[in-house]
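One chain, subunit A, appears in both complexes that follow, with subunit B as partner in the first and subunit C in the second.
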Partner chain A sequence: MKKTNRIFTVLIFIFLYIPMAVLVLASFNTGKDITDFEGFTFQRYVELFQDEHLLKLLGNSLLISILASAIATVFGTVAAVGIHGLKPKMRKTVMTLTNIPMTNPDIVTGVSLSLLFVFVGTKMLGQRDSLTFWTLLIAHITFNLPYVILNVMPKLNQMDVSLTDAAMDLGCTPVPAFFRVTLHEILPGIVTGAIMAFTMSLDDFVISYFVSGLDFVTLPVEIYSYTKKPIQPRVYAMFTLLFALIFVLMLTMNLLQLRSDKNKTERRGKTITKGQRYFRRLAALVCLLALLAGTGYLAFGTRQEIITLNIYNWGQYIADGSDGSMEIVKAFEEKYPHIKVNYSTYDSNEIMYSKLSNGGITVDLIIPSDYMIARMIQEDMLLPLDFDNIPNYQYIDESFKNTAYDPENKYSVPYTWGTVGILYNTKYVDEADVTGWELLWNEKYAGKILMFGNSRDAFGIAQYLLGYDVNTTDRAELDACAEKLKEQKPVLQQYVMDEIFATMENEEAWIAPYYAGDCLVMMENNENLAFYLPEEQGFNLFIDAMCIPSCAQEKEAAELFINFLCDPEISAANMDWVGYATPISEAKQYLDPETVSDPVAYPGDETLVNGTNFTYLPEDISRYMESLFMEVRND
Partner chain B sequence: MSKELIRLRDLTMEFDGERILDGINLYFNDHEFLTLLGPSGCGKTTTLRIIGGFLKPTSGTVTFDGKVINDVPPYKRQINTVFQRYALFPHLDVYDNIAFGLKVAKLSKDEIDRRVNEMLEIVSLKGYENRRIDNLSGGQQQRVAIARALVNRPKVLLLDEPLAALDLRLRKDMQNELKRIQQAMGITFIYVTHDQEEALSMSDTVVVMDKGRIQQIGRPEDIYNEPKNAFVADFIGESNILDGVMLADYKVRFFGRTFECVDSGFAPNEPVDVVIRPEDIDIVPPSEGHLVGTVTSVTFKGLNYDIIVEFKGFKWLIQTTDFHAAGSTIGIRLNPEDIHIMHKSDYSGMFGDYSSYSAEYDELTEDAGDEEE
Partner chain C sequence: MKKNNSALLSTPYILWMVAFTLIPLGVVVYYALTDPATGEFTWGNLRDLNQYWGVLGQSIGYSLVSALICLLLGYPVAYYIAHRSPTAQKMLYMLVMLPMCMSFLLRTLAWVGLLQDTGIINDFLAFIGVGRIQLIRTPGAVVLGMVYNYLPYMILPLYATIVKIDHRLVEAAEDLGCSGVQVFGRVILPLSVPGILSGITMVFVPAVSTFYISQKLGGTDTVLIGDVIERQFKQGNNPNLGAALSLVLMILVFICTGIMNRFGSDEEGGVIA
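Coming up: the complex of A and B.
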């Protein structure tokens, strides 16, 4: 029995710690990702400490966690003492009420807080940026409070009530009695509560996501928006350090507790041991630093003599100085010192759209995709651009003007573009079979074929194959596409999005449709991979373009930024890092000639003619398509 | 004795509509050792907490040195308390526990040191200054609690069942110790207990309480020898309580016989409760007895045997040093001074019958458990 118990204990530990071990391993790996271990390196850590952007995010997260947990600890403790003083029946009711927010789904808490902040900020205080650092802080304090109360309450219940009586009996008024006696008794509960609150704050995504403005973003919120590129290994290094920090923190606390228990029996008069005292000083120092950093940030953040330009873009969708690239935002700020860029990110068009339509934030520049631009134009969410401020618009190639989504070229300036084609492995796939989209239905390769995990791209392929318009609103045509997609299911390995990188590079799958830019990345990592564009059947030509949303406050600065990005040299430097194609031919001279001449990255005009843009589908049609796709996937 | 220090006037206390104290009138003299004695729930701890300032009475007044102190908080009263489970501060050592009140009062370091050492001497804890509270025995913790209270030189020390958590031997030692300390310090002790023996052996005055009312106040001997009603007679020691009729002064009739007694002042033919202490009964051969009965059970108690004897369907407890086997027939004699007569009260008929011997003798109210509130 004892033996089985021991085995189970070991198993549980393995179960709990294996994921962390893999992360730590990944952070020291020279290989590109977890599937390929090559060697040992500290390079990820070096990169991490050179990455100002990541460090700033980490700082933000630590700042908000420390501030929020410290404030919540004070308030929560006071509240717990208050609740404890209530009559038992009332106490029970109040405890239930304080526990509810904890069990409430984060998403509900997040949305309701966001609504409240926007309502109070915009409607009652008349601010235009109602979602700020402060709302984030308030939200974190709000969801931290129950954890502190929950941890302090049992300690209060355990405490001999006559201890407080005794203190008062010996001459203490109620407040000193609390500090001299009660506080010592409930301290373990307070510390656990504070640590719990801190960790809850540190890894909160859902609530932070809804209540943070664009001026102050925490690490989890940003990491979630990293969908344009796979997560960089330096992020593993950061997570490893975070884990180590928490681990060491818990370990020291336990050790100190042990030691102080021992010391207390031996030492005279000093009720605080040396270790405890150092620990307290350290804790006080950390809190002080956090407060200083907080005030410093606010003092800095509220400086108003310079214009703040709020840019809202996909994660990892602008060259940020890493890997020897140009740091575009910094270069812009250097050129226009009176403008300070505030950069934040989203991970899908839909999320950007809902964030903007919820209100409460100020955004001056966004980079949505074609169909979303069409929708936003239709809903009056974009401002017409003043092209006098964007002289570099002249460099944009004609093939990217007069598009389906912005036929009059009034609202958008193309940022990148790309095609959707088929990536296949030449080692396994017979070139003779590469004739068109039907390759994705080829039974010969059953089990080795991947398909898009999103409805629009998946239906697009079926539409090209069946010869329908990709922007059709005919339900019968959509039904036919769904049938076609169902036919494909037996040969499919799985529906994917980002997972495609690993699966194709490892040759676990041989055929998959994907975006050309990403295909190039995969082809670089596995030379057996090739890209094919079914020109005759047609293919999706997607464009992400820069637009100014109607909530913009600094339209002119935004136009300056658009102009800056349209500078051929800048565009080249930017796209070199981003990996997508530039719509500016003039830029090609600054790019690697090999890339420019690659037909995958830059298909010729004669090819591009066959590409079509997605445009916005009416709400009911896109919903219908979504439900059909769900049906197909669950079939 | 000496002058009056504290007086409780018409004190009542209610919690959630339940009456805990019902018209308490009581005074405490300076230098007195007074004990509030009663079963749990009788209101003794509530009374103590009102004196300490931890509770406010629903009505009535508390005066201290002639001034009403109902609204004076505990930290402003010249009263200190020794709590039931000591309530020592676990995060402080012995020295700092004792010094707590002095530090709050911001006395000089030398003064604190002097007084703490003096107290350590009094409670015989020299050398224990740096001990943690958890490393002390129950008796030592008890002493720390007393020292912590007395070091502030209060005029009154309240002790709430201070010995309840100690084992029997230690309890006896501490009783003597407490009495010695009280005499050495010369201050008033107000002591709460449910242990009648403790109350009788230590106190100058005993106040017997039940159901929120004072049942009797008096010197320990008087309480024992002259209980006022069946409750007191039963709660203080063991008593056989019988229905009787006071025929005239010094003449009481019960069990169909007329006995001589030493009580007087009752109305002619007044129904009364007759108390006969188990240890006062003389056992004689059946032929010589006033009453003749059969032994139904015998319990060896060390000093004596407790025997239950049935007289005409009524069971008595008799304490005797001689063994009488169950089933044997014995006679008893009652001397006039062994018979105590009480007026009838609400408690008449509730106590004093040993038919359900074991349950009764296990001292039905005597659990050291929690007091009211």
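Coming up: the complex of A and C.
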């Protein structure tokens, strides 16, 4: 019995530690994929310490968790002493209040706080920027407080009241009595509470995910968005280091505690001299200050610039310096040293729209698609551009001006254009089956098909398949499309957006509809992939354009950035990495001639006539489509 | 007189908690009862909840199954730890805590790497000639993810309860002729009920509201209530329906903890081990 129990316990520990072992192993892997161990290297650790972005996020996380846990510890301890002095009935009520954040699911806490901040900040105070560092800090303090109180309260209850009474009888006033007697007795509770609060803060994802804006993001929130793309192995290196750090911390804490338990009896009676005590306090204070300064430097060290330009763009949609490309953002910052770019990403028009219309954030530049631009113009969510600041607008081809979504060229400057087709793996998919959009419904490939995770693109495919107009406002047609999409669900592996990069490249899935430019990038990484455009049934022809949303605060800097991207040479360098087509003919001379003649990237006119643009849908139809899509996914 | 003075110290805290826990919940109720487009009062969001009962039921089902599996797996472990020497107890306790401190996103991703069709386990199965089997995107994978992530939340309170059981009671039962099984069934198990209840609550609450686990390990039909809420806020642009759904989730969790508290002891700080 005892033996089986021991074996069972060992097995459970193995179960708990297997995924961690996988991550640690992955940090030493020369290959990029977590599943194939190709060779041993320390390179990922070197990369980690060169990655300013990642280090800054780590600094953000440490800053918020140290500050939040420190404030919560002091505030919570004081409160616990107060609660201890309350009348029993009142005390019970307050403890119930304390338990609310503990028992409430994290998602509810996150949602309720973000709604509160947006409601008070945006609706009542009329601020644009209501989700900031400070609101995130408030949220963290709020969920940290109960940990401190619930750890300190039991110690206060255990404490012998006669101790403080004795101190006061001996002439102590209440405040020194607290510091000399009470604090000493409840210190273990305070320390445990502080450590718990710190680790909870550091690892919190759900609450931060709902409460943070775009300008101050913590590591877990960023990791959540990373996981959609093939994750960079240096993240595993960071995990391994953090793991080692926390392991050593906990181990020393345990050992120290054990030693002090052992020595307690021997040491009693010995007194520490005043000098020693002050030295210890000083040492602790210095350590704390050093830690704060360090994280503060990590988080804020690079922030002395005058202007911060907040860019909110699709993921994988600007050359980032990888694979020998030009790092566009950096090049821009070098040209305009007074501007610092804060770059964040979304992976569908709908996510971007939600984030902006929910309010609470500042964004200076976005790159939505045609139909979304039309919708945002209609809803007064875009600012007219000052074309005096964008002289490079002259390079934009005439065919991309006076478009249906922005007929007067007031609000947008085209960034890229492209088609939506089907990406499939020739190793597994029979060419004979590649006949049209119905491939995405083919039961032969059940479990290996991906589908768009946003309503407009998903409905578009159903509309092409059923022969409906993609800009219809007929609810019955939309209902029929929803039925068609429900029919597809059993053969689908998942609804995705940018996750597609990882899953198609490692052949976890074989068939997926996506944007041609991204398909080209994936085809480069896996030669079994091919692109197909269902010309007869029709396909979406889209333009993504740069716009300035009405919540922008640095309009002129944003216009400078737009102008920078319209420079033919920059545009070519950018498109070379992004894979999409440029609306600037001038730029083509700088591109690889093979790319320019590739029909996937630059389809000929005879193909393009079969494409259709998505245009503006009235508000109620957009909402109706979104709710139908939710229904499909929740079915 | 001293008591009244120190009681004042709790006032800022009470104000803080009212401002940042009670009022936000009021705002959730406000959003749940207003129309997304016009901002006027409506019952519409609550009516729309009708299509989500299935999802809610599914979430409760998955979380209950996970909580029970956690109990079955966690009890022997907690029991084992509680009967070690004090030093060993401290070390083992730390080893159970440690995974909780590491990014749960990355740990869940590691499971994706293990379970996917081209993943480590399937590569191994293919290598030894068994052939690949569907592991990921199944209900089992979601339950596995929940059990894996929340098992420590079960072990820790169970351990805290078992370790406090007075050993003399066990000896007394043995002296009175109880067999090993009887001692366990009649003495140890009834005395660990508070730990069991607190463990179940601590697993159930995060499991029922998760969205990351089901997004990464589930398929198109393992939609949980957390997914729906996340999507309403982040993609569907309908915070009002999202608020209504959060409200339902909150009420559900309060009912559950209420039931658990009724059976368990309502000691202060009972939630924390």
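Note that in this section the second predicted complex is superposed on the first by the 376 of 635 C-alpha atoms of A that agree within 3 Å, B and C clash if a C-alpha of one lies under 4 Å from a C-alpha of the other, contacts with A are read in each partner's own complex, and residues count from 1 in each chain.
One rule holds for everything that comes next: a contact is a pair of C-beta atoms (placed from the backbone, for glycine too) under 8 Å apart; a residue touches a chain by one contact, two chains touch by 3 or more.
All values derive from a computational prediction rather than experimental measurement.
Novice: Answer with first, second, both or neither: which of subunit B and subunit C does A:Y343 touch in the superposed model?
Specialist: A:Y343 sits against neither subunit B nor subunit C.
Novice: Taking the superposition on A as described, I'd like to know which of subunit B and subunit C A:F539 touches: first, second, both or neither.
Specialist: Neither partner.
Novice: Between subunit B (first) and subunit C (second), which does A:Y405 come into contact with in this model arrangement: first, second, both, or neither?
Specialist: Neither partner.
Novice: Look at A:Y616 in the shared chain and tell me whether it touches subunit B only, subunit C only, both, or neither; answer first, second, both or neither.
Specialist: In the superposition, A:Y616 touches no partner, neither subunit B nor subunit C.
Novice: Which partner chains sit in contact with A:Y371 here, subunit B, subunit C, both or neither? Use first/second/both/neither.
Specialist: Touch partners of A:Y371: none, neither subunit B nor subunit C.
Novice: Where does A:Y445 make contact in the superposed view: on subunit B (first), on subunit C (second), on both, or on neither?
Specialist: Touch status of A:Y445: no partner.
Novice: With both structures superposed, pick whichever of subunit B and subunit C touches the larger number of subunit A residues.
Specialist: Per-residue touch count on subunit A favours C.
Novice: Go through subunit A and flag every residue that touches subunit B in one model and subunit C in the other.
Specialist: 168
Novice: Where on subunit B does subunit A make contact in their complex?
Specialist: 52, 54, 73-75, 79-81, 83-85, 87-93, 95-96, 100-101, 104-105, 129-130, 132, 135, 148-149, 152
Novice: Which subunit A residues qualify as touching subunit B in the complex?
Specialist: It is residues 160, 162-163, 165-173, 176, 180-181, 184-185, 264-265, 267-269, 271 of subunit A that touch subunit B.
Novice: Flag every residue of subunit A that touches subunit C in the complex, lowest number first.
Specialist: Going through subunit A, the ones touching subunit C are 1, 5-6, 8-9, 12-13, 15-20, 22-23, 26, 34-35, 75-76, 78-79, 81-87, 94-95, 97-109, 111-116, 119, 138-139, 142, 145, 147, 150-151, 153-154, 157, 168, 174, 199, 202-203, 205, 210, 219-220, 223-224, 227, 231, 235-236, 239, 242-243, 246-247, 250-251, 254, 257-258, 348, 350-351, 353-355, 357-358, 447, 453-454, 489, 492-495, 506-508, 619-620, 623, 626-627, 630-631, 633-634.
Novice: Spell out the part of subunit C that touches subunit A in their complex, as residue ranges.
Specialist: Against subunit A, subunit C makes touches at 2-14, 16-18, 20-25, 27-28, 30-31, 36-37, 51-52, 54-55, 73-74, 76-77, 79-81, 87, 90-91, 94-111, 113-114, 116-120, 123, 134, 137, 148, 151-152, 180, 201, 205-206, 208-209, 211-212, 216, 219-221, 223, 226, 228-239, 242-243, 246, 249-250, 253-254, 257, 268-269, 271-272.
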